[in-house]
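Heads up, the next two complexes both have chain A, just with different partners, chain B and then chain C.
The block that comes next holds the complex of A and B.
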């Protein structure tokens, strides 16, 4: 899942660095992702994983790192299973 | 059509009092009023008070009309964040027969929108928007950046309401700071305290709080929470009418949102120009006028002497 997330980050987060140079827990906002870019990332993740983030997950921290996104997606997929 | 939000009992009664006293003049459209002489007298008095409070910063003064090139609205992504509030200008595009048909339909109050085409203009939704491209066009700013007093332009929000404090067309008394990130953050903090002091000096019980913009939809909830958690927006709140205090001034720290869009930079000694940060401060002049009328009464000449002196109301 992590590589798929990284691919979507590379396309939508507009980072100032290469996403593959970042650790899973590296902060994406510090790597240049703006709030507006985080919205595009959120929508792209929903499309790619066919999920919808519930209202409680529409927060800055859910999208702050590869690991945080993976944790949120895992939780949503487990709930849907 | 945007959904009409009725005012509560207190707001409805206050609106009726304002209209009855000739302070506001009804147009038939909620949130769009003429202003009577005494209302304008107070609005201008507070406008001048803001000017005096900002004189020490030696701002550069600019003024813009209440319309904005459509391209600017598109570039800054307003339609992503606030599609529900935007107003765009359309005008007739057709031949004589179509003009006659349009007029005939209009005379019967039927739909004539099919004869209209979008123009290059939109209604200005925030008074600071024209400032950024104007400053960007100069090239890199000198160290320290610039402070712009953009005056009090009319702005438009498509949100018809029965609350007299929620207007569709109102004046934002706007000051913009563009410069190095630390200079911009310091300016915002200084003005936040100054704005609260200014409102208290005219007898308003003002306080400030962290706030968020009314971003649209689910994406908007993420943006709003993000803005709040970073404390990028503050509002100064005063009780007017209704259950909650009303925001009468707001401070937005945009970080590099506008400077990135328009390429605004600041010279940094002898090195390469650095990306600027921007922040703005807007006083809602009608809301402040309403708060003053609510607090001190509808007869301006009977207000406490200290308030009239502070506002230099003769």
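The block that comes next holds the complex of A and C.
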């Protein structure tokens, strides 16, 4: 899942560095992701994984790293299963 | 009655007295001369109102947020500029109280705010960021020996020259991204303000908010290290919108009161007849009640978020909620003032009658500009793409 998340981040987060140079727990906002870009990232994740983030998950911290995004997606997929 | 409720009531009694005795008599000269409302701020200091939101264990008043919001309303009824200075100071205090994260230096600082009734101004806007508070250009630059320095070009610094301390947003370090921000607190002997413009605006003239270059050198412990994005979402933005909307409501309420006084005076001149202006007053009241409803629910929605669940304020639906409070109140307050002027006619338009509402109208016209509504709409438009149950 991590590699697919990284691919979507590379396309939508507009980081100032290559996402592959970042650790799973590196902060994406500190790597240059703006609030606006984060919304595009969320939309792309919803589309790619066929899920919807509930309002309670639509906060900065849920999308702050590859690991945080993976945890959120895993949680949503488990709930749907 | 509980001790806390009694403290809130005593605080509000003092605020109403200050509003009547120090803010109201000087409101016109503060406005005409675009001067700092020194009488009201001195009176607030004397009542220890500048530390109202600081917990009692740090020497503050331990006053509730609701009471401080009500105080913004009461001051707004008498002098919009005094209310705005008070509100802005409380926004800085609340942000520090909520995000000091156990910092010894900031705890000690809050004690000194209480002891010395220090006034805090903020330097959040910056030339070159297009009005986006969530980005900075200037950075905390390490200066050796645990010191840092910065130089920031600020298009407006409200009452900066009258404040004891400045809370400035900056990039965390010279190589940090624009959105990776922190707040730095500097005192008057650590910073210098170089004015870059004049201050002769349409309204809110007493806030004395010209542009400045701000330069400072300070010990690095004065950096409030929690990410500013978090401070902004959980505190600074919603608290600003709640307190500003309260004082705009206060200004609009006084405009309504003046219109009502005008209609009553007309009715007394023609006993038995309802003056034509009475109908317009009734229409005005329905406009005011819309503003009241939004401002009241905004405050309640903020206070409904428990202290231990502040993260909820970072949820997009909550951000949208408080952005809409700002947009709605900033548009409705000047509408009420303009309709009050229509009720009063020429005596409302003139600046020197008991029914003058020109200052009210001009002061509330600043509301849609301080953090431009257009920018807020742009943010909301993005959030609405993803938020669900708004």
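Please note the rule applied: the second predicted complex is superposed on the first by the 81 of 81 C-alpha atoms of A that agree within 3 Å, B and C clash if a C-alpha of one lies under 4 Å from a C-alpha of the other, contacts with A are read in each partner's own complex, and residues count from 1 in each chain.
In this section, a residue touches a chain if its C-beta (ideal position, glycine included) is under 8 Å from a C-beta of that chain, and two chains touch if they have at least 3 such contacts.
What you are looking at is a predicted structure, and each value in this text was computed from that prediction instead of being measured.
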Chain C versus chain B on the shared chain A, clash or fit after superposition: clash
Chain B versus chain C as contact partner of A:32, first or second or both or neither: second
Partner chain in contact with A:43 - chain B first, chain C second, else both or neither: both
First (chain B), second (chain C), both or neither touched by A:16: second
Partner chain(s) touched by A:59 [first = chain B, second = chain C, both, neither]: both
Touch count on chain A, higher of chain B and chain C: C
Chain B/chain C common contact set on chain A: 34-36, 39, 42-43, 53, 55, 58-60
Contacting residues of chain C [partner chain A, same complex]: 134-135, 176-180, 227, 229-230, 233, 311, 314-317, 379, 382-383, 385-390
In the complex, chain A residues that touch chain C: 16, 29-36, 39, 42-43, 46, 52-56, 58-61
Residues of chain B defined as touching chain A within the complex: 77, 80-81, 218-219, 221-223, 225-227, 229-230, 255-257
Residues of chain A touching chain B in the complex: 34-36, 38-39, 42-43, 53, 55, 58-60, 63
